[in-house]
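Heads up, the next two complexes both have subunit A, just with different partners, subunit B and then subunit C.
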Partner chain A sequence: MSVILILIGFSLSVAILFLVLYLWAVKSGQYEDKYTPSVRILFDDEIKEKRSDDKSSDKSTKSNKTKTKLN
Partner chain B sequence: MNVEKFSYDNQYPKLFALATIFWGVVALLVGVTIAIQLYVPALNLGIPYTTFGRLRPLHTNAAIFAFVGNAIFAGVYYSLQRITKARMFSDVLSKIHFWGWQLIIVAAAVTLVSGITTSKEYAELEWPIDIAIAVVWVVFGINMIGTLMKRREKHIYVAAWFYIATFVTVAVLHIGNSIELPVSFLKSYSVYAGVQDALVQWWYGHNAVAFFLTTPFLGLMYYYLPKAANRPVFSYKLSILHFWTLIFIYIWAGPHHLLYSALPNWAQSLGTVFSIMLWMPSWGGMLNGLLTLRGAWDKVRDDPVLKFFVIGVTAYGMSTFEGPMLSLKNVNALAHFTDWVPAHVHVGTLGWNGFMTFGMLYWMIPKLWRTKLYSKKLATVHFWIGTLGIVAWVIPMWWSGITQALMWKEFTEIGLLKYPNFLETVLQIVPMYIIRSIGGTLYFTGLLILVYNLFKTIKQGSFVPEEEAEAVPFDRTPEPVKYGMIHRYIESKALLFTALVFLAIIVGGLVEIIPTYLVKSNIPTIASVKPYTPLELQGRDIYIREACNSCHSQLVRPFRSEVERYGEYSKAGEYVYDHPFLWGSKRTGPDLHRVGKKYSNMWHYLHMQDPRQMSPGSIMPRYPWLLEWDMDKESIPAKISAMRTLGVPYPEGYEDQAIADLEKQANEIANDLIQNGIDADPNKDIIALIAYLQRLGTDIKNEVAEK
Partner chain C sequence: MIQIDKYMPAEVKLKCYHCGEDCDSDDIRIEDKVFCCNGCKTVYEILDQNNLCTYYTIDETPGITKKKEIKRNYDFLDDPQLKEELIDFTDGNTTKVTFSIPQMHCSSCIWILENLFKLNPGIKFSRADFLKKIVTIQYSEKEISLKEVVELLDAIGYEPDLNLEGKQKEKSNSHNKKLAYKIGIAGFAFGNIMLFSFPEYLHIESFSQDSMREVFGYLNILFSLPVFFYSASEYFISAYKGLKKKIVNIDVPVSIGIIVLFVRSLIEILTQTGAGYLDSMTALVFLLLVGRIFQNKTYDALNFERNYKSYFPIAVTIRKNGKETTKPVGKLKVRDRIIIKNNELIPADSVLINGRGFIDYGFVTGESNPVEKVNGDLIYAGGKQVGGAIEVETIKEVSQSYLTQLWNNEAFSKKYHSDINSLVNVVSKYFTFVILSIATVAGIYWWPQTNIAFNAFTAVLIIACPCALALSTPFTLGNSLRIYGKNKFYVKNTDVVEAMSEITDIVFDKTGTLTETGSSSVKFVGEPLTAEEKILIKTLVRNSAHPLSNGINELFDVPVASNVDDFKEIPGKGIEATVNGKKVKIGSGMFVNHLANENKIELSTKVYLSIDNKTRGYFAVKNNYRENLNEIIGTLKRDYKLHLLSGDNDSEKPELEKFFGEDTVMKFRQTPQEKLDYIKSLQSGNKKVLMIGDGLNDAGALKQSDVGIAVSENANNFSPACDGILESRSFGKLNEFIKFSKTSKRIIIASFVISFIYNVVGMYFAVQGTLSPVIAAVLMPLSSISVVVFTTLTTNLFAKKKKLL
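Up next is the complex of A and B:
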């Protein structure tokens, strides 16, 4: 059953790596804000929309505007 | 505050998405085929390449690594750029990753149907492909971590954490389980033997489910579900907690695949305890996903994307409830080796992975092609057909699993097995197999609707390979030095540095340490257990080539019902020369560990020629090619010396004598067959397979005789 020691070794090294990453995350302030990140990912289309004003058809501009309003 | 202009790469999300759809069709088509083969064995058309044993690994590998794998990459390449506000680290790496992965899939398909397999479930691919997988996987990792390092958004959104965990853990698992000694270009033996090999395999197998089918999809859930619903995740705090608890607990639960096996009891209990602990983070994640839709259920009514996500996340909840339940020893005693296990797995793959992928594709493809989904109505039809398909797949298999297990265990009043003939229990559940294949066909039909719908969507849109974006990079000026230079250096490079060094150590160090370490520990504990003869070894490799272990276990559990049916329960010491182990995980046919000397050589010969000659109604396919194909004798010396390197005590120089020994034993078997009126040729595959089957589990009988 000696292989179990190897597996525990593998698993522990993964766990330790994750622990290091966790400590890094906490220390570097990753988790200081526990709300805004969840909202921020919802807003990545704004620049694209502004650009599309110049070239795309009226229809899409309109729908983009309403979208921006909703946001 | 200077705004940086850059562009997102849409090319590789697109390619991966198209590959997902393509391989999805392949995986499901093969799945439906083998589901029907279980009640129409002739559907293999009499050819080896399309026989169940070879198609089953093709199905699982295509579903997991080709369909789900490409879906993961499509999802990651699209979302990671937007989470980090940065383009993927390197287009060249993206290219290598994409084409490398597709090449691996093609190589896998070709080798698996050719019978080139290691026999270890979900790790069947031979060593050259294993190496390619490791390389491409690391390319993916560098590309991902590189993107994270040049991110403009300081906060790493929770989805990306799930992607990181996926990369790191799958790398370690794959390397750990794939340590094998090559015999030739396309043949290798696992360095682990017997119980040890089983433990490593299920440590891998379980965690492949955890870190290939679960964590990446949770990452996708945390990105795509809020995006599709246009509202933030229910609790971001909970998502952080969910992530860290899940990854710390998951990796210890593997032994629950080996309950009541020859694995030491304490290891089995450890697996069970951790499995039960997994309930908590799993359900935390499921609830977090579902509650994101609180107050927005009206959107679910109209939006097929959200419909798919709701059922996907619910299926995740169901299968992560079922998993720990199946890990309880008393439930496992009933469910293990039965159809309940595939039912459990398919709630996960069809429901969770499949539906999350479909939802993601329906959302992402229109975005990539700057258009709207061609038909919401068709997507909704797909949703309902798919859901019905899952139900029609899973319920009959639960039913058949429990039915068959109860039949296996039932005794008459005078203490005899009520159903001593295994076949009787199979015939009882054949109707369930038929319904299951209808469920699978429905699900497949749904996918075809997706193909049409998305094809139309793509046609009406116009693809934009480079999507303009701009963002303000976060302030990277280091904080005032608090801990000194070394610490600051490590911190600044934390992700890439730790991950890569870690991988390097694992590969370099352990590949060297493990084999020598294990060889020493493979001392037999049962004196009468001897290495296989050259002919038996060759027969064992034929058993592996035809993947007999897909349907037959080699592990008699210590229950009265099994000892009555098969014989003495299996001991760890009996497997010390089994590179790889062949315990199997499903008894579509009876266990074979004690089959040795149970039937005559002639019975096996005729049974392989056509199982229905010996067992009318059997659902086993015919193996006529075993009677025709010439046995490979040339490879024997190389195999003997490889086995010796792995610690099997063949005497020095036995290689020279091996072929002569093989021929001698083959002639004995052929003569016996000829005496029974069969026109047998000692040079054919069948002879080696018979030799192996007749040897199985007989060594400990010798010990009893000696006493």
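Up next is the complex of A and C:
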């Protein structure tokens, strides 16, 4: 039967890990702004050497993606 | 809504590359990009130089127009005391500051605000919160000052809304965080305890003798400790506070239930006589806290507690010894000379000394047509100058001014709506006593057998724990709040929905509430004007800053003639000039054609027009009543007593009587204080008053009334302290909103009945002392969940029926 105790130990440590992760997520403010991150994720990283022509080529797809009808 | 009588020009309008506004010409341009004004072009140049043109590719024409730009002076931000109040935190090197940016409207805005460090390396980090419309900036004190940060934001079109009021929100934020912790812990404990209780539920024979049972019991106690002492603590505190004031609120029976659950479980587990009810206890706390989320739902971007401070400027330009300096508003003294520029607010009661004032009291009265003021006239705080700069001398300090004095009224210090009388607390008072007596009777009945007596006594208290009762109100009202929000009616909290269901009297403010703000319609009465005449008129009125001239100006969409001579503006009379060789006069009847004003009671202002001394007719400028006003008033009149309070004179009384009928009390020329007193007098007659107003002059009355609703064109705009903000296009649904609050109340009562039925079933087991943990663990969450499902479904159903969803 002691194998159950070991398994419980495992399951508990996993559960506690998730609890700690949740508390950390709350503490770091991840639940405070539920909208802006959804927009932020779609911003492309800056290309170091910019060429204006390839910027305009992906313009249409990008603006469609991130265009937001707000409110 | 100016009714524009225009013939459309055939050409396609040019749109500004920066802000998307129409361009008058394509003079201002860089390469192929056209701008509406130099301000927009400058912003583009700044961004272009810093390789930030991604701004224009995320959303099209994301910019904020710089057309109405006025150069602001931010010198006051160097004032150390003021700076101290504005910033969140500083360690001398790095400073963190949060600004409210009302202009934030698209993803490009977020992008640029988070890339500020590319514009100035002194800014280390910036993060935007779109829903709250705030940006948090960290900057290095050595490289950039607060003033420069603000100037940078202003330069790219995101002028921060500086006021000293934003800090209260932080509090509610940390409160929400705490609730999230508590729910997390309760949910964690609930899930795990339930898992460990499964063998018990399933009556596994071998298990009951096993040492495993002991281990599980102790683990359960371990999990329940933080739930009992941390997650549930606010219920104990609230119950204690209530009892201290001799009020039995809903948290009293809830606390009794939780404590009894916990103590009995401890005894059972430690003496190894049973498995305890810790699963039920943690489930109960978890569900109760989830209910609290619904109750706490608020609108982040809206502010219901605004007072005058939040919309007064933080600093003003004063003239001292011939020099212009800035001074924080709080330090303003009597006899200071202030320079008020276009679109700036007058912070304190003052006398006009220099310049021509057109004061827009829109914030105060809801009437946005500016009032003309001449030298020596008194100007009340809260007015906004429209037109050129003026110089005024203060005669009172900010806090002593006519309007701000309202905030000293006790109505503003009283705590809003004590919940003693809320339905659930009334019920819980009787409920608690009934439950305690049943438990006692059951205990006495079994008395000689102490074991069963104890079991029965505690089981009654456990099973009767009014979890469902406590959940029905937050879920019903929280859902109603959400439904209102979908209809552009934003209510401060759930208490307001309940208060609304008890309304007996409705008090209306006239201007801005019954009439549409700033929407006078201008119509020309007379023989139709020729295109040429329109050009003459437009040319003439363009030279005048008078509001009536503006109205007429917007009526015609024609080019202007360049040939204007002898322009004269006679204050209070009219304007005249010779345009293209023709003498055009616009103004009062006396001025234009020597007619006396024939009719004193007029609904509209008449502005006469003559060309070459021949009267052509007049422009009728009329206040617009809201659409469907007749229907709305008609339906409301049947159920409620209506009142009308107006700061204006009674010239519109006959017209208003057509809407309201004879039996409505109408009071005109009411000062803010008189409005407040009128509400008070109604309340002392045991009436529950709903007040609908919009301006700052209604603030006192809104605060005093049981439910104060501010009508606003845009909920994000300024509105005075109130319980709810109603966007004006939803004004027509007012009756549905009030009716729906009554429906919500009935739903709550129905859900009470459901939870009582569960209680009766549970009680059947409890009084016999045979309440097993399984029955408790099934019955208690089941009753809660069924109440939650019932209230949510029925509110949605009724909302659909009333076409609110």
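In this text, the second predicted complex is superposed on the first by the 43 of 71 C-alpha atoms of A that agree within 3 Å, B and C clash if a C-alpha of one lies under 4 Å from a C-alpha of the other, contacts with A are read in each partner's own complex, and residues count from 1 in each chain.
Heads up, the rule we're going with is that a residue touches a chain if its C-beta (ideal position, glycine included) is under 8 Å from a C-beta of that chain, and two chains touch if they have at least 3 such contacts.
Since the structure is predicted, the reported quantities are computational estimates derived from the model, not experimental observations.
Legend: residue contacts after superposition of the two complexes on their common chain; A:A15 is shown touching both subunit B and subunit C.
Of the two partner chains placed around the shared chain by superposition, subunit B is the only one that A:L7 touches, whereas subunit C remains out of contact. By the touch criterion defined above, A:F43 lies against subunit C but remains apart from subunit B after alignment on the C-alpha atoms of chain A.
Shared-chain residue A:Y31: touches subunit B and subunit C both. Note: residues 1, 4, 11, 15, 18, 22, 27, 31, 33-36, 39-40, 42, 44 of subunit A belong to the subunit B contact set and to the subunit C contact set alike, using the contact criterion stated above. Of all residues in subunit A, only 1-4, 6-7, 9-11, 13-15, 17-18, 20-22, 24-25, 27-31, 33-42, 44, 47-48, 51 touch subunit B in the complex they form. For subunit B in complex with subunit A, the residues that touch the partner chain are 82-83, 85, 153-158, 161, 164-165, 168-169, 172, 176, 192, 195-196, 199-200, 203, 223, 226-227, 230-233, 236-237, 239-240, 244, 247-248, 251-252, 254, 264, 267, 467-470, 491, 494-495, 498-499, 502, 505-506, 510, 514, 517-518, 521.
Every residue of subunit C that touches subunit A in the complex is listed here, in rising order: 51, 53-54, 57-60, 105-107, 110-111, 114, 128-132, 173, 176-177, 180-181, 184-185, 188, 191-192, 195, 210, 212, 215, 219.
Within the complex formed with subunit C, the residues of subunit A that make contact are 1, 4-5, 8, 11-12, 15, 18-19, 22-23, 26-27, 31-36, 39-40, 42-44, 46, 50, 52, 55-56, 59, 62-63, 66-68, 70.
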